[in-house]
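First up is the structure itself, then whatever we jot down about it.
Note that the chains take the letters A, B and C in the order they are written out, and that residue 1 is the start of every chain.
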Amino acid sequence: MNTLTALTVLDLASVVIFALSGALVASRAQLDIVGFAFVACLTAVGGGTVRDVLLNRHPVFWIESPSYILWATGAAVVIFFTAHLLESRMKWVIWLDSFALAVAVPAGVAAALETGQHPVIVVLMGMATGSLGGLMRDVVCNEVPLVLKQGELYISCAMAGAIGTLIAMTAGLELTTALLICAGTTWALRAGSIAFGWHLPVYKSRPPRQ
Amino acid sequence: MNTLTALTVLDLASVVIFALSGALVASRAQLDIVGFAFVACLTAVGGGTVRDVLLNRHPVFWIESPSYILWATGAAVVIFFTAHLLESRMKWVIWLDSFALAVAVPAGVAAALETGQHPVIVVLMGMATGSLGGLMRDVVCNEVPLVLKQGELYISCAMAGAIGTLIAMTAGLELTTALLICAGTTWALRAGSIAFGWHLPVYKSRPPRQ
Amino acid sequence: MNTLTALTVLDLASVVIFALSGALVASRAQLDIVGFAFVACLTAVGGGTVRDVLLNRHPVFWIESPSYILWATGAAVVIFFTAHLLESRMKWVIWLDSFALAVAVPAGVAAALETGQHPVIVVLMGMATGSLGGLMRDVVCNEVPLVLKQGELYISCAMAGAIGTLIAMTAGLELTTALLICAGTTWALRAGSIAFGWHLPVYKSRPPRQ
């Protein structure tokens, strides 16, 4: 599997999963079906769009292949008619988002590798592609952004996954394997943070003076 | 009238009308005259800028013709000195925004047609150009975004207008007529929603269990 | 000193100072160390990135020289371990931000001059480069944006500084001097506003009718 094929598969998977999470957030905001599709598409392609514009990769992936938009819209329609079947929508948002993050990070990494970027930029593109779609979803719908929720790992998982890819490739593994390691590392850390509360120490200021 | 002329007229009209709406929102936030100009320019060129960057149309329309910025600034100055004459500023914002939407959607559609995009992308560019300037205005000034207000048609009007253009062109109408149909459809639906409460069914979760 | 050298120096200075201000805002939001780095990088490169994308200057400055990112990350780490030593973090944010603004405005002006833009665009790029990084920092961390705080000069300082550069260059001064005048004007006005409350008249609606 070459870089471009891997990239297409990862982009499609992250588009669909992010779209499902976006539509669920739209259901919490009680939008109509076009609003569902709008938020789903924004979440689905937001991170990858920023990546492509920053790397000057034109046409942007969904402008080149508009079927991504149709997939995201389809996901929004499915959620519009089924969200009421879910027990806890917020739980679903958080878990779907974790899977979307885990496929979007390697998608960002692969795109940066394909255009021959410096390792620092490869890691940053993984972090940006993984987190910005969800950040746009949360800012537009006025939710507390998952990416900045205190006492949880999120952007750190993306960073660890992206660095993992680089280590794996330096160790001589081929691209597909390295991207799988990226997805696995990202998801395992994020899932551990959701399920078991794994976190890094957060900044605490000293107590105020008397 | 060719595509580029139509595009220039539409861009200018949407810039001025969006700038008026942006300056009125700035008046609600009690900014100074430079703040008025800043919000007016952001609202006026925000949607078209995203459209141009995504479609890789450089230079961006207002960088090529800086007079757009002067028009938007002029609109801001006029509002700074006259806003106190208006009875209800929020009502004016909503109605001005409806006109700006109705000219910005065909502006986005025309730019996408000019660069030969797929129909799905044409519709999306209409929706993005129409809605993103207003969205930036509302996010920056901390108002509830008009585009996501529950129980109102907004992004749906943009979608209907953009699809209308495509139908009109497929039916053999020439571009100018098709763009007029786009503007008319968008405005009629939005005005109907403001005046008569037209809306699509919104998502309602089932009642919580006992 | 030619335009490109001046630009590199200004970009680096604004990156480091904005990064410090971003990390301090992250400390107010009690993020972990990766969150500090994320907010610091976003603040540090946000304005310059928008400038480069709008002017179609690729690669974007920090993609071409990833060391900017390392500097911003380093600044974030320093703040993570030292922020508790500061008496009033918000005061530091405001003053650091004033210095960052004062170097980012000439950085935007220089980049626009280098690509041969119209004077209106030169002024706007100065304003955008100066203000957008801080605006992103405040929106993402849910602080009231400094740029739109009522009754303070902010975006006006950027405008005055940028216009100052153009006047200085028209008067025959060389670029480096003109950029120093830009930084000085911007900072003096902003510092005057913070320290002495200098401001422009803000919009006041007439009193509501009885």
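Methods note: a contact is a pair of C-beta atoms (placed from the backbone, for glycine too) under 8 Å apart; a residue touches a chain by one contact, two chains touch by 3 or more.
Per UniProt, the chains are A, B, C = Trimeric intracellular cation channel family protein.
In this text the structure is predicted, and so the values were computed from the model without any measurement.
Peer 1: At the chain A/chain B interface, shared numbers over all numbers used: above half (same) or below half (different)?
Peer 2: Both copies touch with mostly different residues.
Peer 1: Could you work out the angle of the rotation that brings the CA atoms of chain A onto the matching CA atoms of chain C, rounded to the nearest 5 degrees?
Peer 2: The C-alpha superposition of chain A onto chain C needs 120 degrees.
Peer 1: Between chain A and chain B, what is the separation of their C-alpha centroids in Å?
Peer 2: About 29 Å, centre to centre.
Peer 1: What residues in chain C touch two or more of the other chains?
Peer 2: Each of 53, 139 in chain C touches at least two other chains.
Peer 1: Where on chain B is chain A touching in the complex?
Peer 2: Interface residues on chain B, with respect to chain A: 53-56, 117-118, 120-121, 124, 127, 135, 139, 145, 147-148, 150-151, 155-156, 159, 199-206.
Peer 1: Applying the document's contact rule, which stretches of chain B touch chain C when the two form their complex?
Peer 2: It is residues 26-27, 29-36, 38-39, 41, 49, 53, 58-60, 63, 66, 69-70, 80, 83-84, 89, 139-141 of chain B that touch chain C.
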